[in-house]
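Sending over a structure as structure tokens; questions will come in a sec.
By letter and in written order, the chains are A, B, C and D; residue numbering begins at 1 in each of them.
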Amino acid sequence: MNEESKPLVICAPEPRTLDLIFTPDRLSQLRHRYKLLETTEDAVATLDDATLAEARYVLGQPPIPAETLAKMENLRAVLNVESNLLDNMPYDEVFRRGIHVLTTGAVFAVPVAELGLALALDLARGVVGADMDFRNGCEEWGGDGNANARLLTGAEIGIIGFGDLGKALNRLLAGFRARVRVFDPWLPPSILEDHGVEPASLETVLSSSDYVFVLAAVTSENRGFLGAEAFERMRNGAAFILLSRADVVDFDALLDAVEGGHIVAASDVFPEEPMPADHRVRRLDGFIRSAHRAGAMDVAFKQMGDMVLEDMDLMDRGLPPMRCKRAERETASRMRSRPVTTN
Amino acid sequence: MNEESKPLVICAPEPRTLDLIFTPDRLSQLRHRYKLLETTEDAVATLDDATLAEARYVLGQPPIPAETLAKMENLRAVLNVESNLLDNMPYDEVFRRGIHVLTTGAVFAVPVAELGLALALDLARGVVGADMDFRNGCEEWGGDGNANARLLTGAEIGIIGFGDLGKALNRLLAGFRARVRVFDPWLPPSILEDHGVEPASLETVLSSSDYVFVLAAVTSENRGFLGAEAFERMRNGAAFILLSRADVVDFDALLDAVEGGHIVAASDVFPEEPMPADHRVRRLDGFIRSAHRAGAMDVAFKQMGDMVLEDMDLMDRGLPPMRCKRAERETASRMRSRPVTTN
Amino acid sequence: MNEESKPLVICAPEPRTLDLIFTPDRLSQLRHRYKLLETTEDAVATLDDATLAEARYVLGQPPIPAETLAKMENLRAVLNVESNLLDNMPYDEVFRRGIHVLTTGAVFAVPVAELGLALALDLARGVVGADMDFRNGCEEWGGDGNANARLLTGAEIGIIGFGDLGKALNRLLAGFRARVRVFDPWLPPSILEDHGVEPASLETVLSSSDYVFVLAAVTSENRGFLGAEAFERMRNGAAFILLSRADVVDFDALLDAVEGGHIVAASDVFPEEPMPADHRVRRLDGFIRSAHRAGAMDVAFKQMGDMVLEDMDLMDRGLPPMRCKRAERETASRMRSRPVTTN
Amino acid sequence: MNEESKPLVICAPEPRTLDLIFTPDRLSQLRHRYKLLETTEDAVATLDDATLAEARYVLGQPPIPAETLAKMENLRAVLNVESNLLDNMPYDEVFRRGIHVLTTGAVFAVPVAELGLALALDLARGVVGADMDFRNGCEEWGGDGNANARLLTGAEIGIIGFGDLGKALNRLLAGFRARVRVFDPWLPPSILEDHGVEPASLETVLSSSDYVFVLAAVTSENRGFLGAEAFERMRNGAAFILLSRADVVDFDALLDAVEGGHIVAASDVFPEEPMPADHRVRRLDGFIRSAHRAGAMDVAFKQMGDMVLEDMDLMDRGLPPMRCKRAERETASRMRSRPVTTN
């Protein structure tokens, strides 16, 4: 294809890089199909008018002031290669013009779901503790080591938040014959039923589950909505697995509930990352710690590139994007997860 | 029911007890339907002729000499509430007479499969190490901690031995879209295909898997069949999860393969239980230890009672038992797993 | 709730009626939560300004001229209770303002998929012919009647068009262990793979399938895209099942291919409905006829009401609709299926 | 392999033939691995002593008198390539000696289950009637033709008899989200639960199902157990699909129940085959007829050969057969289905 006739893509994917999100093969495809302008976030608004007018896609989430946007008359989509939305472009006008804002957080769904299942099974069977005891020569053999052991098969499982991650986790649970209840106020009950799970209130999910998975994104409305009262509602000995963002829970109340022996817990996210060296979370029993490692796998980053290419192909053909998640006019301004600063 | 007209069950379930394998409700049912003679293993052969003649079932696996068996003219089944067969009764004559010898090892299938999956996911994501690092204040955050992380979803998985446990594990894997290959020389290929797995040679299972699960029972023929050569065949970085009996592997060769960094591994069984206090397995990195805890859960023992009651109900009605596993004339003498001495 | 404070819904659901799409209970709910203005399609544009300004939802697909739309300043959605889009409102402005245009065609997915499977199984086993022969006293018994019989289990299946209907059919096929290939140029390959089917070209779907299901909507681009050449490409004896719209095939070429004995076929849709009394399709062997009955089941119409209520509930809470299908800016003008005139 | 050292198989597979049950490739394999003595049923008892003593397998179900059996000192199995057991050999002695009697009826499970599903979907949607009306120019279009239409998805389904066929049907139903209840007095409840179905009494299955599938083999105890009272118990408009043997129902009572409009029905089996030319079943509305065609497909017969080869391979290696169904000491004499006389 003649270089000049290729559609222009402005690339400013910070904190990602093109090499992080594309395999060499996919990067070749990208370069073959598009003219790439690789720049930094802050430089986008300073590009010349002709370049802005020509750009069909923005790859990344750079600040786009209103006057810059006005010049981007051929823009079809901002593919932000993130799971979050920064408040750095006039979304109303973006939506008015039918420009798609696409996020790629779905790539983390399977990696996070697998770690979530690993943590749940570990809490159920005491894998970490059993291995530490064995190292220390104080392991208990056979049934003696299973006083608190329990199964996931046939258990009652609660999921809070049923986006891509919730759906991925539910799929992993397919073989466990579990009863899965879901609280998600953004989804109609019948969609949950179509996925084979039971719609339930937050209260029911908390009080009727052996395992509670928290997968809800942070919004302007749900900060700290899981506090002392929520943990009290939970079954004695139940497991609480936190995978989305620490801001949705009152973290101290969570640690208290574990320390008091009412529940066990595991978390991949923390109110400060890293946590202070002397924080009690570091030694708390009945708690498994993972340092925000659930999603950040290379295989996930590479899938971002695949998704971006697939949706750009659809949009090139005048079709709507189907692979990435589209920001919604109604909820764009409510999403409040802090964007990541490192991959 | 008139007590006298109830069928007689000789109970000698050592090392189990009736209270271990029956819930109070089930034990009531058992007592309601049958006349129980609770005795010890060694006393069975000393029972009086009338009692022996009357007994319909033996619950447990006591020694039954030929002359004792000859007197048990109404015996329909020995329900041994174990997974193993002791060489303590004349099996040929038992089979000739059509007396069923029933084992209940299937109750351990789901508990062991769940622990196996927990260990595999743990090896894939470094859950134990990440938690220990976090405790010690040296955790790595985000992608930095994921250098060796990998997924189970879409992986190539090998299963060696496809009995109840293999089938349970395969069911748990339903949501992982994995390619599962199975080596089991006792099963025809088409049965494996019916379960959605690929029949494969031992060599292929070893060399083409990201995760290898060893679920094979010990027989007179397969002691130590997984040795240095087998581990060499495995993919670099692959995970080896041993769940059945330590006797099927050359344990030192396994530890060498892990110590050399070629593979990672986890095991629930050991050549000596407990292992010596100073054994290198206790500190080996890339290895997760579980002290024979996979199956011995209360929920599993209670299921034994359920199975026993269901099959006794069928046999009472003149039907063949369908719930427990029947010892087979061809293979009874080949089963060589050491019976457990504790529950 | 005070009647005056309820949101206003303009109802003009022709050719549906409120009683068709709502059960009595659901209709009570609708009336309880909303103020309903029941009118006819043509009267909507004549409503007074205050009414238009107040309306939050339009239920139905009445003509909405630009000047009428301009007055509807609180309009959030047009819920058209159809599967098609009429060219009777200024869609560009509708989309610019973020008003959702929602269709409910998904309710027909399961009914159509079940009939599609019935027709495929019928073609595979000759159910209609065998019953007619039995009535006529000329039935063939046992294997003699199975010369052309074949299985769906393990077959190669092609699906053309993978919207709600394709997904429903694929779900019904879950137990058949079939290899399913899908042609759908509007979906990226990875979404098809997520559903467990193989993305394929139209040519491959046609030439490699034992059963071809045509589920594609008519667009401005695909009229008659399945003609003589397509049928020639098909395997000898393969089955062609047409469920979406007759306009996507060259119907005469289809009948020729069946008459010539190359394929067998079934169709729920016809180029004229009803077909002329003397049309050859009426007596063609190797062809099963269904008079556009696949979707029009009462249970489907009632589900429309459920979907409408669920999405209105979300929009009432400021959330985007998730249950109905949204018209897309890019494709709204391409959809060309003739709307139904009867239910 | 030296011809003389090959194991001997006596082949008398009437009414099958070797060419019916083996593909050319499989037949080559059979001949390569075994020495075949092809004879007729009646000639087996007349074979010379050396031949009888040498035979490892009998393929077919010839009469084997006690004195003949006594000479067959190396006999491991009778592979009868049928679904039934004739009373033509001393089964007690066969079982006493541990000779397996193997049946291959499982090959019919999928073909029969698919036809059963076809018949159920046809009854649900009136496929036969709609096609006949269309031929006759009196078809009803759209919803007008759907007055009695109903879905299988989400329905309540009853299965009577849960052997290979019941399990195959249940697998085909996987995508229908149906509630499946099963009556099978020969299976313990927990095995049914393992298959995801609900154990239920015959009464509950009849009275709580929208579709009742009869898959039960005829035994000495269940002749005609489904009579007028059973049909009365069924829901008004429910569908009765008979697939196993006509002898389990009171056929006249079934026809009465359909003629009276209480239920609809379909059957693949009949009390006389063929039925008299003037029998009312030939013209009964609400009834679909299939002339014992459900199982007799070439693909099923060929699978018999595969099963036989797989189990002979296991037995050659001293292992128990796992692929075919073994006759059971307790029930062999109860099986009363008439053997087929034609394939």
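As a convention for this text, contacts are C-beta pairs under 8 Å (C-beta built on N, C-alpha and C of every residue); 3 or more make two chains touch, one makes a residue touch a chain.
Computed from a predicted model, the values in this text were never measured in an experiment.
Enquirer: Using only Cα atoms to place each chain's centre, name the chain farthest from subunit C.
Expert: When every chain centre is compared against subunit C, the largest gap points to B.
Enquirer: Distance between subunit A and subunit D based on Cα centroids, please, to the nearest Å.
Expert: 51
Enquirer: Between subunit C and subunit D, what is the gap in Å from one C-alpha centre to the other?
Expert: Chain centroid spacing, subunit C to subunit D, equals 38 Å.
Enquirer: So how far apart, in whole Å, are subunit B and subunit D when each is placed at the average of its C-alpha atoms?
Expert: Comparing mean C-alpha positions, subunit D is 34 Å from subunit B.
Enquirer: Mind pulling the subunit C residues that touch 2 or more other chains?
Expert: none
Enquirer: Chains as vertices, touching pairs as edges: which of line, ring, star, complete or other describes this one?
Expert: It is a ring, because the chains touch in a row that closes back on itself.
Enquirer: Determine which chains touch and list them pairwise.
Expert: Chains touch in the following pairs: A-B, A-C, B-D, C-D.
Enquirer: Any idea which subunit A residues touch subunit C in the complex?
Expert: 95-98, 185-191, 306-307, 310-311, 313-314, 317-320, 322-323, 328-331
Enquirer: In their shared complex, at which residues does subunit D touch subunit C?
Expert: Counting only subunit D, the residues touching subunit C are 110-111, 114-115, 117-119, 121-122, 124-125, 127-128, 130-135, 137, 139-143, 145-146, 149-153, 171-176, 273-274, 277, 282-283, 288-293, 296-299, 340, 342-343.
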